[in-house]
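After this come two complexes, each holding chain A, first together with chain B and then together with chain C.
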Partner chain A sequence: MGIFIEDYNVSGADTVALEDSIMQKGKQVTAGSKILDNFVSPFNATVVDRLLDGGFKISGRTVMDEFGLLKLSHDDNNTPSGAVRAVSEGISAYALCNDLFGRYREEAPQYDCCYIHPTYGTVSRYGLIPLASSLDQIGIVCRDLSQGFGLLSHLAGKDPKDGAMFPDSKYCYGKTDEKITLGIPRSVIEKADADTRESIMDFINKFSSTDIDLEYFDLYSQVMYILSSAEISNNLSRYDGIKFGYRASGYTDIDDLYTKTRSEGFGLDAKLTAIMGAVVLSKDHYGPYYEKAMKIRRLIKESINFDTYDVIVLPCKISDDPYENLALYSLAPLAGLPSVSFSYKGYGIQLVAGVKKENLLLSTWEVSMA
Partner chain B sequence: MPNIEDYEAMTKISLSEDEKTIVSGYMNMLLDSFKKLEDTDVSGVVPLISVLDVKSPMRDDVAIKTISREELLSNAPEQHDGYFQVPRTVD
Partner chain C sequence: MKYETIMGLEVHVELATKSKLFCACSTEFGSDVNENVCPVCAGMPGTSPMVNRKAIELAITAGLLTNSEISPRITFDKKNYFYPDLPAGYQLTQLFAPICKNGWVEIETDAGKKKINLVQIHLEEDAGKLIHDDWMDTTLIDFNRASVPLIEIVTRPDFRSAEEVVAFLEKLRSLLSFADVSDCKMQEGSMRCDINLSVREKGSDKLGTRTEIKNMNSLKAIAAAISYESQRHIDALETGEEVLVQETRRWDDSIGATFSMRGKEDATDYRYCPDPDIMPVFIDDEWIDAVRSNLPETAQDKFIRLTQKLGLPEYDSEIITRSKNLSTIFDETLQYYNNPKEVANWIIVELLSIAKGDNKGEDDVRIDCQKFAKLIELVDGRTINRNVGKKILSLILEEGIDPVEYVEKNKLGMINDTSLISSTIQEVLSENPKALEEYKAGSKKVHGFFVGQIMRKLGGKANPQIINKLLTEALKEI
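Showing the complex of A and B:
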């Protein structure tokens, strides 16, 4: 599979590739799905306007998994995403994506790149094709976190067109002189392979640290899947062949139009997610699944207090099973926290900090790279 | 195990036989894993709907034009006289 759906053939240190879920006025945007065949965006996403205002050039639209959904099968896991490849192969200096399920955070370090997942509510999602609205956040693939945070400072800030944002109009990301203490969830790190553990221990030795317990870690994947599938199922309901996108032919009535369009337009992952979302929201399952997951989400958020530590260290992989790995990438979106991933001595490390504490992530990375 | 046909109807998705086998398999796996939630005590816990502690911003109640009719219709699969064209919905 190629890198770009549409390559604009520009190069340079100021180029940014866009995952095909971020709208550009007058350009097709499909979110990797047949259901958005031939959809041409009538407006720019706010991040696109801010890129252009900041003098950056859009290098193209990158190939992506359908809607960025979690692929539960183990197939295709070795093919890097278009966004990571664009940056890794030097075609684009940066790429923007929505990394809901951790694909980019896991992949970026494998290809000598970094990923920044900003605090929820700091980067406008206006013009991002929505997946799970309480979890979505546009992030950055980059070669170097200091450069990535430089780009982020152009993108982050209040947007009246996104109703779920902090009031800050600008964010400045820079080093901090604060002494950083790492939080080490040993029971999680022990699930990684031996080489990754050794790399993480070497990383930790550069800092003060304290052992922590991620109390609900064994429920992270379940809570993330339940809540995201419910929201995604709802967001996918807009794809009905009526106002935009793919419309099937040969239908007999309106109901048949909906069903044929969605059955032909969605891939298997979209169908599974739509159905699972409907299951967890249905009358018999809403209480034990969706409502319970929302309550556990609060417990998860409140269990992370950053009182005795500043930054949590996590591996980037604990399993070949994507569902099990999802646990590593769920804390940040569930609790609205920022995280970064990068390669340290050849192995992926993920850091998670408190709300709007991206400076601590940058500083931790810089110390480790010194 | 929920009846998959009910959820096909609910989501307006019709699965092929092969897809039904695959989706049922994943559904079983996921529902089995969701049983882990049963042992967690959530007494007195308020559901978390949004991580943001900010109120939704309100704008002035003044009519504004954000997008033209032409732009809205520009992606319509079928349109007629400035309207989205769909099959009959009322008998």
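Showing the complex of A and C:
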């Protein structure tokens, strides 16, 4: 797999690669799916306008998994994603992408990059091809978190075209002098391998810390999977071959047009997710699945209150099973919290802070790197 | 055996906002195909719906007019189904937290007054329109109507007769159109009605099998459809030849019967779920009070004002307050010429008869009220006579002429000169000896003939009262 679908051949410290889900006016944007074949974006995503206003150059459009879906089917392809490769190989200084299921957050540290997942509602999703609207969040792959937050300060801030945002028009990201206490979910960290655990313990020792219990952790993946499937299933409905994107040829009537278009246009993961989403939203399953998952999501949000700690420390990998690993990457999107992931002494660490507390993440990282 | 028909309605009313429910596109009726479409209402990925506050205000207005509770917090939900006129693959509507609940509307029929209870009123977006092109054997889509705001008014099954249904819809139309919530034009589709109907033996407390008649868009058709469908149910119950099933039916106006549209009503699963892109909207008392304090006069208030304050006859007031459009014309014209009786008269007698000739209903007449007022003043002040006035009214409607300028330019001023009129009378009498003989023989009809002849000689501009007076005197002398 290559890095770019389209390479604009620019280089330098102000270059930003865009995942193929971020819309650029006049460009073909497919979010890695055949169903959006020939779809030409009619407008710029807000983040693209803000990049250009900030004097950044767009280096290209990177390849991605179809819509950024969770790949439950194992494949032998071990190359990292286009966005992480673009940054780690020095082709682009930054990359923007939507990381719902943790692929970028897991990969970035492995390839000596960092990932910033901002607070939900601080970066506009206008022009991001949606996966699951309540969980989607444009984030940044970068080499260095302080530079990454520098870029984020150009992107974040209320956009009237995105209805689910905080009112703040601008955010300042910088170090704080606050004394930081880490929250340590030992039972989760214990699931990681010995080397990772050692690296995390070393990291923790640089700070004051307190043990915490991540309530519902064993439900994170399920809640994430149920809610994201439902929302994705909704969001994929618009791809019907009628208005834009791919349309199958040789259909006999409207139902045949839908069936053929969606059968040929979607990959296996999209089909499975669309079906799973339809199941959890169906009359008989809404209550026991979707509604229950919504309730647990609220409980998860309420359970993370940052009362005795400022930043939660998590490993970037606890299993080879993507579904089990998903739990690590569910907390930030489910609770709308900011997170960063980066490599510490060769092992991935993920930090999660409270809403709009990005500065604590930046400070923690800087202290650990000192 | 005695049967009773039990009905509940779902009434869709298009809100009179300038822009759509979730984007800034115009809602204008009759624009070019796909002229009012943007990425948001075309269901493009990467867009986010932004709720139109004006639409919420109109829904609050509808709630206040129907004695409903206004919800303090509302949300929007996705109703999922595939259809080419639905761009996003789901319709945004309100299932979990509708804007109004538990209202009621009082109606009056020959049987007396009755309260019709409402389950709820919710906001939702309209779909686009499919245009079947038989020549090309293809279907085209016009998305102008996609995402135009609607309210759906859901009643309890409180109706027992077509008269009640029609009275309710007329009342609703009056309430909503007078408050500018909607123009409620059934023929243009801005008010549509689904009827849920079942029949049971009178006295029974069990409901019969229910059928739904979809998308009714005229009161006449509604009355006919109810009568047909009730009878179909009764026949099925009595003869047992047809088994009633719960289904959706379509009324065919040309045949005068209902037909099954789709059977498996319960098989449709719309997989409702909240739309995470739309944050809950909070409606506080302050907002509701602001809407309440801006509520315009209802038709009922207006009727009382016309009859009691302005002293108009009930008949005139009834006609004027039946239509929001006529009421507006009346009030506006009155501002330029404050003579309620004359203005009412000109609207009811002259304006409506011209409109009728042009095949326009009372809601479709448009006139420049300032010019209309000037015209009425010209006639009323005896500057021109009424017949000339009628001709000028047509010209105002057709060409938008200014009546004062027109009268001056064409020298249409009324002839009040008694000597000129007298000499013309003498001329006419001497030119028509036969008619004069008839008059002498006792035929009073000839009087009118003479008036017509005299008026013609004077170019239609003479003061008819003076003609009458002088002609009567002249005839007496003979």
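Here is the rule we use: the second predicted complex is superposed on the first by the 368 of 370 C-alpha atoms of A that agree within 3 Å, B and C clash if a C-alpha of one lies under 4 Å from a C-alpha of the other, contacts with A are read in each partner's own complex, and residues count from 1 in each chain.
Simple rule for what comes next: a contact is a pair of C-beta atoms (placed from the backbone, for glycine too) under 8 Å apart; a residue touches a chain by one contact, two chains touch by 3 or more.
The structure displayed is predicted, hence computed values, not measured ones.
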item: Touching partner for A:23 - first (chain B), second (chain C), both, neither; value: second
item: Touched partner set for A:240, first chain B, second chain C, both or neither; value: both
item: Chain A: partner with more touched residues, chain B or chain C; value: B
item: First (chain B), second (chain C), both or neither touched by A:254; value: both
item: Partner chain(s) touched by A:311 [first = chain B, second = chain C, both, neither]; value: neither
item: Touched partner set for A:160, first chain B, second chain C, both or neither; value: both
item: Touching partner for A:42 - first (chain B), second (chain C), both, neither; value: both
item: Partner chain in contact with A:282 - chain B first, chain C second, else both or neither; value: both
item: First, second, both or neither for A:226, with chain B first and chain C second; value: first
item: First, second, both or neither for A:129, with chain B first and chain C second; value: second
item: On chain A, positions contacted by chain B and by chain C; value: 42-43, 134, 160, 163-164, 233, 237, 240, 242-244, 254, 258, 278, 282
item: Contact footprint of chain B on chain A as seen in their complex; value: 38-40, 42-43, 72, 120-121, 134, 160, 163-167, 216, 218-219, 221-223, 225-226, 233, 237, 240-247, 251, 253-255, 257-260, 262-263, 266, 268, 271-272, 274-276, 278-279, 282, 285, 288-289, 291-299, 301, 323, 334-336
item: Residue ranges of chain C touching chain A (in the complex, touch as defined); value: 39, 42-51, 78, 80, 82, 84, 87-90, 141, 269, 271-273, 275-279
item: Contacting residues of chain B [partner chain A, same complex]; value: 2, 4, 7-8, 10-15, 19, 22-23, 26-27, 29-31, 33-34, 36-38, 40, 42, 45-52, 54, 56-57, 59, 67, 71-72, 74-78, 84, 86-89
item: Residues of chain A defined as touching chain C within the complex; value: 23, 31, 36, 41-43, 45, 125-130, 132-134, 160-164, 230-231, 233-240, 242-244, 254, 258, 278, 281-283, 286, 290
